[in-house]
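Take a look at the structures listed below.
First chain A sits with chain B, and in the next complex the same chain sits with chain C.
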Partner chain A sequence: MSFFLIITAVVTLFAAVIAMSLRNLVHCALMLAVSFSGVAAIYLQLNAEFVGFTEILVYVGAVAILIVMAILLTRSGETPDKTVLTSGWPAGVAVTAMVFVILGWAILNSSVLPVPPETVPHATVKNIGDILMTKYVLPLEIIALMLTAAMIGAVIIAYKEEVKSPGDRSEGAQVKPAYSNKPAPVPVAAHELEKEGAL
Partner chain B sequence: MFDKIDQVFVASLHWLVSFLPEAWRPVASSLISIAFILAVFPALFSIVTIFERKGIGRIQNRYGPNRVGIPFTKIRLAGFGQFLPDGLKMLTKEDIVPRSADKLVHFLAPVVLLIPVLLAYSVLPFGRNMTIADYDAGLLFFLAVGGAVEVSVFMAGWSSRNKYSLLGAMRAIAQMLSYEIPLILSAVTVVMVVGSLNLSEIIRHQNQYTYGIAHWHVFTPWGFVGFVLFFIASLAESNRTPFDLPEAESEIIAGYFTEYSGFKFALFFLGEYLGMFAISGLGITLFLGGWTAPFSFLTWIPSYVWFLAKLLAIVFVFIWIRATLPRLRMDQLMNFAWKFMLPLALINIVVAGIWFYLGHDWQRWPICAVILVCAYAALGRALMRPQQFGKRVYRYAE
Partner chain C sequence: MNPLSFCLLVSAFLFATGFAGAVTRRHAILVLVGIELMLNAANLNLIAFWRFGPNPQAMTGIIFVLFSMALAAAEAAVGLALVIAIYRHKRTSNLDEVKELRG
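Right, the complex of A and B next:
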C-alpha cells in the first residue's frame, strides 16, 4: 500500500462519513461527490483508467447532479432543526459492526475465492471494449433495454396529459411560451393579491 | 531545421530537466508542463477578451476599446493594453459575499470550476509529441472532467441564496446535461472509425495525405456532420450565445455568478473561456486534424502554430456567432437538442459504421452523403411541422 493510496482512502472515507452526518442535504450531496472522486482516484492508482474515468463521468457528473436536483425540486432548501441521528444509533452501529465482522470472516475463510494471480492483468480500454462486445454482449444489451424501459416509464409518469386545442404550439409540454394562440386568461390584479398577503 | 523548430518546446523541456538528478526528472517535467498550461492559456484568455470586444465592436459598427496603451507615452497599441487594467480592476475590487450565502460552498465554487477545466488540458495534443498526459483513454478523460463542471455551477448557484443564481444554475445544468449527449455521440463516430480513445492516435489517423490534401475527418460526410454537431454542442457547453440562457443578463442578471464580485467573478470568467478553449481544442483534435497541416506542402510550419491558428479560428467563429445570433428560448433550446441534434447524432453513428465497413470503395462517399442529407431534411421538416404560425396573443403584455 502506497502513501498516496492511504491518503485517498482516508479522504474518501472521511467524505463519506461527513456525507452521512451533516444536516444540510445539499452539503451531504456535495460531500458524496467528493467521496465519488476519491473512489475514482483509487481506481486510477490501481491502473484501472477506464473504470476511474467512468466513475467520474457517471457518478460525479451525473449521479451527484441528479441527487442535488432531486433535493431542490422536492423540498425547500431549509436546514432541518432536529438531529440526524436517531436515539437508537448505538444499536445500529453494533448491528452493522457484527454484520461486517461475520461477512469478513466468511469471505476470508471461504475456499471458493480464487487465488489472486501472480501477474497483474493488463486491461486496456480496447480489451474491455472487445470483451463487452463479444463475451458479455447479452448482459450489456439487457442492461440497455432495462434502462430504456425505465426511462420510458419515467417519462410516462412525468407526462402531464393536457386537453390540446388545435393550433396549440406547446404540444402538451409543461413549459408554456409567454404567448400562445389561446385567448389570454383574465389576469389577477396585483392589488388583489396584495390584499390576500400573497405578495 | 524545420524539425528542430517544431520540437523546440519538447527539446527545451528535456534540456531543462537534464540538469536535475534522475529521481526528480518526472516530477520536474510535469511541473514545467503545468506551468506551461497555466501561463499560456490564461494569457490567451486575456488577449481573446480584447479580440472579442474589438471584434464585436467592429461587427456592430462601433470601435470597441481603443484607448489603453503604455502609460505616460502616446503609444496606444490600438487598445490591446485593455486587459491589464481590467485584470487589475478585478484583483483590487472588494470581494462581497452575501450575508445569507453558504460561505464555504460560495468560496469553493470558482475553485472547483477551474480544476476540471485545467485538468482537461492535460490530454490535449498541442503539437507533435506535445501531449502532457498521453492516456490510453484520453477522450474519455476529457469528457469525464468536463462533466464535473456542472457540480461547480450548481455550487455557485445554490450557495448564493439568490433566486437569479439558482435559476441560472438550473438552466445551466439542464442545458449542459442535454447538450453533453450530442457532444459525446458526435465524438463517438471518430472513435469508431479510428478505433482508439487516445487523442494522439486520432491525430495520427488524420496525418496522411492524398493528392496533397489531409485526411481530416471534417472532409468526410460523417465527419462534417459530426463536426457541426460537436461545434453546436460545444457552443452550448461553454454557455455562449445563442445558448447563453444560464447567464442571460436581461433576464437573470448574470445567472449563477450573480453574487460573485472581484476576483472570484474573474475566476468564473476565466473558467468559462478556458473551457471554451479546451473544448475547441478537442474539436480540432477530433475533426480538424489537431496539429497537422491541411495540405502536404504546408507541413514545414511548426505543429503548435497550426494548433494555435485553428484554435484562434474557432474562437473567432464563436465571437462572430455571439455578435450575430439572438438568444434562444428555453423550449427551443431543449427541442433543438432532443428532437434534432440527438437523432441526427444517432444516424451519424450508423453512417460512420457504414463508412467503416464499405472500406476504401469510392461508393461510400455518395452513399453516406445521401443518407445524411435525407436525415437532415427529414428531421428539419419534422421539427418545423408543429409550428403553425398564427396571430400572436400576448398573455402578459396587454
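Right, the complex of A and C next:
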C-alpha cells in the first residue's frame, strides 16, 4: 500500500464529505467532481487504467456537468437562507453511523478476504475489447438498448408539456393563429400526392 | 494494513457519506448526488476485489464496473429529468414539500 494511495483516498473522502455538507449547490457539484477525480486516481493506482479514464470521462465529464445544468435549470444555484437538512436528519445521521460501523467491523474482522497475489494483473484495452466482444456481447447490446431507452425517457420526462385544457382540441384546430395571415392550408387530394410521388 | 482492507474501508466511508447526503439533505439534486457517491463506492469495491482477488485474468470486475457506470449515467439522466419535471410542475425541488403520495 503506497503513500500516494493514502493521500488520494484522504482527498477523495474529504471532497465527498464537503460535497455533502456545503450549503451552496454549485459548490457541492464542484466538490463532487473533485471526489470523482480522486476515485479515478484510486482506480489508476489499482492497475485499472481503462476504468479510471472512463470514470473521468463519464463522471467528471458528463454526470457532474449534468448535475450543474440541473441545478441551474431549477434555479437553486444561490445559497438558501433556510435550513438545508430534512426534518428527520438526526435519525439519518444515526443510521449512517450504524451502517459505517457495521461495514467497518465486518471488513476488519473478516476471515474470508483473499490474500493479495504477488503478480500484478494487467487489463489492457485490447483484452477488455476482446472480452466485451466475445463473452459479454449480449450484456453490451442490452446496455446499449437500455441507454437509448433511458435517453428517450429522460427527454420525454423533461420535455415542456403544453398547457391544454381538456376538450378544446377541436376548437383549437379551427382558430387561426394571430400571427399568421396566410390562409389555412388546403388539404391535398390523394391523387395529387400520388402524382408527386410518381414524379 | 492489507491494501484490500484499506480499499474496502475507503469504499465503506464513501458509501456512508453518500448515504448521509441522500437521507439528510432536503434538496432533490443532492439526493441524486448521494446516490452517485454510493454507486462509486460499489464500483470501488468491485475494482479492489478484481485487483486483489484470486483470478484477475477473467476481468469480471472491470466489465461489471463498466456496465455499472453505464447504468449510473442513465440513472443520473432520468433522475435529473424527473427533478426538472417536478420543479416545472410545483416550482420547488424541496423534498419536504413534495409529498402527495405520502399515505
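Note that the second predicted complex is superposed on the first by the 125 of 199 C-alpha atoms of A that agree within 3 Å, B and C clash if a C-alpha of one lies under 4 Å from a C-alpha of the other, contacts with A are read in each partner's own complex, and residues count from 1 in each chain.
Assume a residue touches a chain if its C-beta (ideal position, glycine included) is under 8 Å from a C-beta of that chain, and two chains touch if they have at least 3 such contacts.
Predicted model, so just to flag it, every value in this text is computed and none were measured.
> Classify the contacts of A:I67 with the two partner chains as first (chain B alone), second (chain C alone), both, or neither.
second
> Which holds for A:L25: it touches chain B only (first), chain C only (second), both, or neither?
In the superposition, A:L25 touches chain C alone.
> Give one of first, second, both or neither to describe whether A:M133 is in contact with chain B, with chain C, with both, or with none.
neither
> Which chain, chain B or chain C, is in touch with more residues of chain A?
It is C that touches the greater number of chain A residues.
> Once the structures are superposed on A, label A:V155 by its partner contacts, choosing first (chain B), second (chain C), both or neither.
It touches chain C, and chain B stays clear.
> For A:I107, is the partner it touches chain B (first), chain C (second), both, or none of the two (neither)?
The answer is second: A:I107 touches chain C but not chain B.
> Is A:V39 contacted by the first partner chain B, the second partner chain C, both or neither?
A:V39 contacts chain C only, not chain B.
> Between chain B (first) and chain C (second), which, if any, makes contact with A:E49: first, second, both or neither?
Touch status of A:E49: first partner only.
> Who does A:A16 touch here: chain B (first), chain C (second), both, or neither?
After superposing on A, A:A16 lies in contact with chain C but is clear of chain B.
> Once the two structures are superposed, pull the chain A residues common to the chain B and chain C interfaces.
In chain A, residues 50, 54, 62, 69 are touched by chain B and also by chain C.
> Provide the residue numbers of chain C that touch chain A in the complex, in ascending order.
Spelled out, the residues of chain C in touch with chain A are 1-10, 12-21, 23-27, 29-30, 32-34, 36-37, 40, 43-44, 47-54, 56-57, 59, 61-63, 65-67, 69-78, 80-85, 87-88, 93, 95-96.
> In their complex, what parts of chain A are in touch with chain C?
1, 5-6, 9, 12-13, 16-17, 19-20, 25, 28-29, 32, 35-36, 39, 42-43, 46-48, 50-51, 54-55, 58-59, 62-63, 66-67, 69-71, 73-76, 83-87, 89, 92-93, 95-97, 99-100, 103-104, 107-108, 113-114, 116-117, 121, 123, 127-128, 131-132, 136, 139, 143, 146-147, 150-151, 153-155, 157-158, 160
> For chain A, which residues count as touching chain B in their complex?
26-27, 30, 33, 37, 49-50, 53-54, 56-57, 60-62, 64-65, 68-69, 72, 77, 124-126, 167, 169-171, 173, 175, 177-185, 187
> Mind listing the chain B positions that touch chain A in their complex?
Per the stated touch rule, the residues are 105, 135-137, 140-141, 143-148, 150-151, 154-155, 158, 166, 170, 173, 177, 195-197, 329-331, 334, 386-388, 390-396, 398.
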